[in-house]
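Alright, structures below, take your time with them.
After this come two complexes, each holding chain A, first together with chain B and then together with chain C.
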Partner chain A sequence: MTQLQAEPGAADLADVGPAENFPVGRLVLIEFSGHTIGIIRTRHGVHAIGNRCPHQGGPICRGIVTGTMAPSAPNEYVYEKDGEIIRCPWHGYEFELSTGQSVGAAVRGRVPVYPAEVRGGRVYLALRRKPLADRG
Partner chain B sequence: MIADYDRHVAVGDYAELFAHMSQSWRKHFERDEFVGSVRDAAAHIRLTDRFGDEVLAGSAPDPEIGLSLAVPHQGLTINGWADQVAAKAFIEALNSQSEQVWADGQGRRAAILVTPHDPAWSARVIREHGAARQFAAVALPLSPVLLGSDQFDPVYDAAVEADLPLIVHFSGVEGHYLGAPPLSGGVHRTAYARAVLMPQLAESHIASLCFGGTLAKFPALRVLFSGFGFAWLPSLTWRLDREWRTFRHDVPWVLKPPSEYVFEQVWLSTWPVREARAEWESLFAGSRAQSRVVYGSHDPFDGDTVADVRAILGSSADGVLARSDVLSAVTTGAVA
Partner chain C sequence: MRVKVDQLDCTGSAMCELSVPEVFVLDSAGLATVRTDGPLTGASVTADGVAVPAELHDAVRAAAAGCPGACISCRPLPLPSPWPRPGRA
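Take a look at the complex of A and B:
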């Protein structure tokens, strides 16, 4: 697990390493300013989440990254959001990687989500919760 | 107005139904194995010697009761009949008896009997009788097919179209006769063992209605489980929600916690109210589960009076007794 320290920056984003350290589709855990953060690059960007399920505090970053089934008519399955959902290893609850919100509002509370971006071949992260409106 | 949603009616002799049959069906049924079966069937589901060969006369309705819903329980037993063609003639005769004798279109209403073994036919029966003022519900006996199966969609369509709630009441042959649903664990030797376990059926079918997507698909469908008790409801809804949170992706047609559907579309009648003596205050106070409970006397089978309900449910009894949202506004408006 990579140990990093936050560095004050223009937009309080800290460099957490080269993008190749974060292969697309694989959630990588880092220690950042005393917090365990899961970082995953997807086709749509990079996401950073805290390692705590809002249900019972399970280590959500150890869950599988997957898609989910969209609301549908009975007995029909419509798979969507492949690679955009993480499923808690403790109880299987699903959360959106981009917002931390529970899929289908099944669980109250959200997984912590932090601002992250890839710039110049490197991944940057800020240890502040993203306002819900900014997530996406 | 107090409504009694579980008042049983029956014929004392099946020959009484001949007046409601064609000559051909009358000739078919004029045999001791049918006419005598009013006693045989009762013997198979009888719990005590109090329920003997003679049909029990119902007690005089409590003067506070403004509406009673008659459930012709003999018709429910067709879930265990081998001859489903004859079964349909039988329950149609009972429906005619309800329309002409047991219900008056005012304070005495009846449930339209249908069969789970022929949903298309049952839908036609609902549409045929649904507008008659004598009827205020549809009684669907249980089969081994769970109610969340889409094979019952024609029944639900017709019930919603007629604005009638569905009443689910055990017939007494469940766990005993082929054609009726089994009880879990195995086949019990005695009627009293089976009677103890009937709530299994209600829990099972409520889970099916939720997870099968029926309640989501038919948001106007109202289902009353009658005679199964109700003390178990809080634990059931908690367990439904817990499993849904984990397996929502396996039932994406369940768009909200299953308890939400139950708290909007499912009701339970009070009988036997005494089983909830301990649970009512501890589990139901302040809970939405309380809003699902309506009065059902189960008269004349060891029924609960209005006074019994008040004695057990205490200060919240009157709210239960006054609840009428399971019925259509047309029904309650005609009686109020």
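Take a look at the complex of A and C:
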């Protein structure tokens, strides 16, 4: 686990390392200003999430990154959002990496999600919550 | 005891609000916060949190222990010194 600290007076987005430290599809845990944050790059961008499941506080960053089964007609099986869903290792609840929302609203609340981006080959993270309107 | 919610880690599961609605409420962003109305009207508020009356301490500790986000902190208020201050009779 990487130990990092936000620099006092630094801009909102903090540099957490080169993008090659965060291979696509692999969740990497970092310790950032006293918070454990999981960072994962996907085909659609980079996501930063807290390490607590809203259900019972399970270590969600130890879960697998996967897709989910979409609602469909009988005898039809529609798999979607591959690589955009994380499944909690404790009880199997699924959450969207981009918003933290529970798939199918199965669980009240959401996984904490923080703004993150890749710029110039480096990953940047802001230690603030994404506002509700800003998700996606 | 002072109570504080770290909204960076809050999962918005509302377990705290369900168990101690006199102290906790979800804000417009769906994240828990400590009330300053109702039984806590006029309570002392500092960077360490909101002072909570003694009759709610056990319930607040239980809510903190059951919080999925582990984002509720409870700090004891400093005890009054048993020693008389210098210069006082």
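Following the convention adopted for this analysis, the second predicted complex is superposed on the first by the 132 of 136 C-alpha atoms of A that agree within 3 Å, B and C clash if a C-alpha of one lies under 4 Å from a C-alpha of the other, contacts with A are read in each partner's own complex, and residues count from 1 in each chain.
The rule is short, and it goes like this: contacts are C-beta pairs under 8 Å (C-beta built on N, C-alpha and C of every residue); 3 or more make two chains touch, one makes a residue touch a chain.
Quick caveat: nothing in here was measured; it's all calculated off a predicted structure.
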| item | value |
| --- | --- |
| Chain B versus chain C as contact partner of A:K81, first or second or both or neither | neither |
| First, second, both or neither for A:R41, with chain B first and chain C second | neither |
| Which superposed partner A:P112 touches (first chain B, second chain C, both, neither) | second |
| Touched partner set for A:P54, first chain B, second chain C, both or neither | second |
| Contacts of A:P71 with chain B and chain C, given as first, second, both or neither | first |
| Touched partner set for A:G104, first chain B, second chain C, both or neither | first |
| First, second, both or neither for A:R128, with chain B first and chain C second | second |
| Touching both chain B and chain C, residues of chain A | 55, 107 |
| Sites on chain A touched by chain C in the complex | 35, 50, 52-57, 107-112, 114, 127-129, 131-132 |
| In the complex with chain A, residue positions of chain C that touch it | 7-14, 29-31, 67-70 |
| Residues of chain A touching chain B in the complex | 55, 68-78, 91-94, 103-107 |
| Chain B - residues contacting chain A, complex | 150, 212-214, 216-217, 244-250, 252-253, 255-257 |
